[in-house]
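Both complexes shown next keep chain A, but they swap its partner, so chain B is in the first and chain C is in the second.
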Partner chain A sequence: MMASAVAIAAPVPVVRRDRQRLIEKLAGCGFAFPAFLLLLLTNLVPLAVLLYLSFTNYELGALDTRFLGLDNFRKAVTDPVLRRSLANTFVYVAIVLPGAVGLGLLIAVLLHRRKRTRTFYEVVYFLPVTSTLIAMATVWQFILHPNLGPVNGMLRAMGFGEIAFLSEPAYVLPTLAAIGIWQLVGFNMVLFLAGLSAIPRDLYEAAEIDGCRSGIDRFLTITWPLLGPTTMFVIITTSITAFKVFDTVAVMTRGGPMGSSEVLLYAIYLEGYQYFHMGYAAALTLIFLAFVLLFSILQTFVLERRVHY
Partner chain B sequence: MARVELKSISKSFGGVPVLSGIELDVADGEFLTLVGASGCGKSTLIRIIAGLEPQSSGSVLINGAPVDHLRPHERQVAMVFQSYALYPHMRVFANIGLPLMMSRLNLFERLPIIRMLSARRRRVMAEIESEVRAVTKQLQIDALLERRPSQLSGGQRQRVALGRAMVRHPAAFLMDEPLSNLDAKLRVHMRTELAELHDRLGTTFIYVTHDQVEAMTMSDRVAMMDNGTILQIGRPGDLYMRPANLKVAQFIGTPAINLLPAKVSSAGSVELFGAELPIRARRPAGSAMTLGIRPEAITLAPLGTSRPGMHLLPGRLRRSENLGPEHMLHIDLTSPASGTIICSVAGDHEPLTSDSRGLALLFMPSACHVFDVEGHRIDDVEAASAAAAPSSDPHARAFGATLCPLLPKAGEPCAPCGGPAARTS
Partner chain C sequence: MDTHLPSPHPSPGGRGRSPVGTLARRAATLFVVHGILIAGAVFILLPFVWMLITSIKSPAEIFAVDFSLWPKHFNAVENYGFALQKVPLLRFAANGVIVCAGILLIQLLVAIPCAYALAKLRFPGRTALFALVLMGLCIPIQVPALPLYMGLAQVGLLNTYFAIMMPFFLSVFAIFLFRQFFKSYPDEIIHAARLDGMSEFEIVWLIVVPSAWPAIAAFSVFSIVAHWNDLYWPLIVISDTHLATPPLGMMFFADAETGSNYGALTAAATVLTAPLVVAFLIARRRFIEGITMTGIK
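Let's turn to the complex of A and B:
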């Protein structure tokens, strides 16, 4: 009796326990290694190269490269092209963000209660998301063409004058933004629909018994507050996507007329692949990344506090 | 305060009938429970009363006036949902106060930011706050006003849901399985609390549950539903003592009633396993019947015992479940009878069941419930023997027997029925 009690109470030898821990640690690292390698090769190494290039005057195809320190960034701060393209990008985001989020929400709320027609509308609104934007940009170019395009044809028929959507500096950014909205709405709608179906029906019924009479009451009391987390996600993804605008500009306007549609990514593209200033383009890319990061951090912190329940 | 009447309510979903011809009259201040297995239509019925679901035909009347054209909030009823349906983004205060804010503030006074401009809002909100505090104090959740539903326990959420219903002083409370999300212990506690709340408020309660214990313990009247119709409506005791239908007999009571196949003998009485019972069946000879015996109506005795006026079935113990104050015995009937019977026995049954030869199961024929082949109670059952007459003997009242069958030692109080010392046979 005594002997067996002692045997049970005897501790596991310390050496054996340490070995067990080491094996577990190694096994854990072994499992994580492939994923880490992939992350290293596809994200971290390119980022490091980018950082290095941004400190040099490397030009595509050049044989010797000089280390410049912070010169590229100093140049960027005073560069009028960069300033203009940043301003254009912000205007673009300022139009696309409320447009694509608001419309996406509106369409989702309208579609949510439909039964038979919901799938049809979902497909219709989602089509632009699945299409290639470069190809669609060409189509838009035709549609908005001052002489041949059907939009101006309609305006003419209604007695209005022609509008040069893509060659009038005042109209070009709003036009591009409208195309951006058209492309993003379907995606946002799907996200909002997912958020809407996660709201329990009970809540709407309770609200109805508690006196929510109209659709506006229901929306303000239940739908909008409970869509908070979805809305935050949609705002972040939309603003980052809008900030990355490139395809439509490259195909339709090439930054024109007179730089009035030159956006940040297009400016970087010009520096890097037209003027071959790879070092400077790398510095601009870092600035771009910093903005995207800032967006996500800002929105996460500001919105997170308000949508948490 | 309201009387709620349902006049031939029917409802079908896409051609499938779920309710047919429901007639119900709930008196002012009554606690009425709709009970039935899932899918019997009880939740649909309460949703029709609330106005959340339109009926296909028929009419709902509250205080004598039809409310079919009224929206849910205009019907002056409050509802407690199974899931509680608390607004997860609002604090307890706003959850409970919402019905008042909706009825007393206009749209502008409820809009974010813009509402700050209204001076009237501040005055109304102060009123609402005092009313919410009064209700939460009554429910003992006044310390939780600043919490969100996710920070509350199941029982606290339940109280918030009740508070939201109470704060409007509705004409009637509708409750759709409000206790089924609570753990067993809390459910028993809240059962008492709800019943006391009903006594205190004196408002009409219409309560839906699938739990017959809740129905039996809380209600003034119980309406047992099955397949879209009301099978029986009456006081809890009525449903238990005189079930009008085989399904009611099966549903009400734990453990469930024992059912034995019987038929009508050529003499017109009920025949059970070849033996005639002194019960007149008033159905054609040869027709099938079902005999129901409640577990507590059966008494056990050593094999070979016979008691005047009691019917005997032989059996052998299969399993015994100890519930503390009583034992649940599963007994296999032996030839000529067959099947399994459950009976409940208080106290020690060892001396009886250890007998390897078997047991005698005794019951009074008058304690049987007889149902015809459609499941309807045969109401005109008459016990032919004089033994059916009520007895003043406490053992007889407890067991329908003149002798306590467990035969405790002479001079000791009778454990099974709490009666005086049993006489030895």
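Let's turn to the complex of A and C:
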């Protein structure tokens, strides 16, 4: 860009070039100013306030506020509720991640060579991504209902007992995770399909001549290694999305039964907007941010590598 | 469906085998492939089908012990009528439209000039601003939410459309996306426009923006889907039912008004899910492009 600007600007008189530079400066500042102002108001100032709050015991409406130093963070480390919600969040991620990535990859690989049916399946699998999760969560709640839901009806018909998917502490996280997978598979499938279409076809033919006969052989020698960067990318976006689980918990279980589905964002929501413990909620938010940043740094690192691939 | 039809291309894998064996192998493969795909599709479609069917069933059939898939008596008018009368469903949908349109409009008005400036103009602070934009990409709404909520409470703006939209007026993602797009716009055309006496303002909105239509469409889809479906922020700033966005309205509805009227509940879910699903079915490519192109967020 610089080179061409200089090349064109060279023959024009110096006065005019200076004038153009001034216009660019003024226009640039003017164009960027609204965005900068909003960035300040909706990101930078809130971040600073959040940091300050996290060192205090501020509660909404409280008259006196004390400076606590790192007490909020010390409290967080030993807080059983936070520990439980972090553990629950990680269990949720640990189920959703392999499920949504593995199934997304499987569907994409199976779908990649389809011609006539590809559009149909693509639409079906992508449907949950566009639909309103809260509405669908309400429907899921009904589907999994112990007496009225079709899933338990089917289990009964096959002679099994009923399963209280959402009120049995041992089942509630896997159930929520299954709904998380239901929502994410189509998204990951599209990312994998894009990755697959970038693999040159003649590689497969060459591999076949070299003796890779079965589909699994071809997958392991060509598809999997060449899809590596896409897979890393999908793993990280899925991790971040799963880590931010909130909607299904808020609608279907509210952290219950007995805290067995309380996740990090829901704990922050309760502390901040139900109990109004702003100081403590701010500290928890910073812990949440630390995890998200960790994932994001990994993501930038991987994206960087993908460019050089 | 293309099940069990041999491919018109000869399979190189079949060299040296009898044609009948090859055909059988292909048929078996297709059978397994479609078996898996259909099983997955059933899992994906289950809640949609169940929602639609329940929304036209009568309470007696919903609570019947031996459940049937297809209703014997259609109760659609009652269920949808109840949902529309008891709950301001259309109001929720209208709120969703207002909020999404307001957010998108301001996002575009703010992000496009800024992205152009970052891509094509030399001005002081450009590098620093771009660094801030990149940083902003990593910060989810849940982080500034707490101070923003306190600020809005302070100035008495909770329970307003402004409160729902305000945190999203600036989309660092839009700036990032449009900057990438504008960077590849030829400088020669911009210089020619300048020589013709066009102002920078005219260059942005009359020359560069029309060429960036695909990026703008993709971002619009992303923004609308995200804000139509967002629950976290509206849940925090809205307690007045009349200002509820679709997900929040659904939550109020499920909580209070209907109790165990599943017919009406699923009718409501259908009405609030339908706009985006129908839009998706019409503009399939645009939707998939928009949501996944912006999948970085």
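Basically, the second predicted complex is superposed on the first by the 248 of 309 C-alpha atoms of A that agree within 3 Å, B and C clash if a C-alpha of one lies under 4 Å from a C-alpha of the other, contacts with A are read in each partner's own complex, and residues count from 1 in each chain.
We take it that a residue touches a chain if its C-beta (ideal position, glycine included) is under 8 Å from a C-beta of that chain, and two chains touch if they have at least 3 such contacts.
Since the structure is predicted, the reported quantities are computational estimates derived from the model, not experimental observations.
Once the two complexes are laid over each other on the shared chain, residue contacts for A:205 go to chain B and to chain C alike.
Judged by the touch definition given at the top, the superposed model places A:228 against chain B, while chain C stays out of reach. After overlaying the two complexes on the shared chain, residue contacts for A:194 are found with chain C alone; chain B is out of touch.
Between chain B and chain C, C contacts the larger number of chain A residues.
By the touch criterion defined above, A:213 reaches both chain B and chain C. Once the two complexes are laid over each other on the shared chain, residue contacts for A:60 go to chain C alone; chain B is not touched.
Residue contacts after overlaying the shared chain place A:32 against chain C, while chain B stays out of touching range. Of the two partner chains placed by the overlay, neither chain B nor chain C lies in contact with A:258. Judged by the touch definition given at the top, the superposed model places A:22 against neither chain B nor chain C. When the shared chain is aligned, chain C comes close enough to touch A:296, but chain B does not. Taken together, the two structures place residues 205, 208-209, 213 of chain A in contact with chain B in one case and with chain C in the other.
The touching residues of chain C, when paired with chain A in their complex, are 1-2, 12-13, 29, 33-34, 36-37, 40-41, 43-48, 50-51, 54, 62-63, 67, 109-111, 113-114, 116-118, 120-126, 129, 132-133, 136-140, 142-151, 153, 166-167, 169-170, 172, 175, 183, 187-188, 191, 194, 199-201, 204, 225, 228-229, 231-232, 235-236, 246-248, 250-251, 254, 262, 265-266, 268-269, 272-273, 276-277, 279-281, 284, 287-288, 291-292, 295-296. Listing the residues of chain A that touch chain C in their complex gives 1, 4-5, 8, 20-21, 23-32, 34-36, 38-39, 42-47, 49-50, 53, 60, 103, 106-107, 110-111, 114-117, 119, 121-136, 138-140, 142-143, 148, 150, 153, 182, 185-187, 190-191, 194, 205, 208-209, 213, 215, 237, 244, 246-247, 250-251, 265, 268-269, 272-273, 278, 281-282, 285, 288-289, 292-293, 296, 299, 303. Across the interface of their complex, chain B is touched by residues 200, 202-203, 205-213, 216-217, 220-222, 225-226, 228, 309 of chain A.
Taken in their complex, chain B has these residues touching chain A: 50-52, 71-73, 77-79, 81, 83, 85-90, 98-99, 102-103, 107, 110-112, 148, 150, 164.
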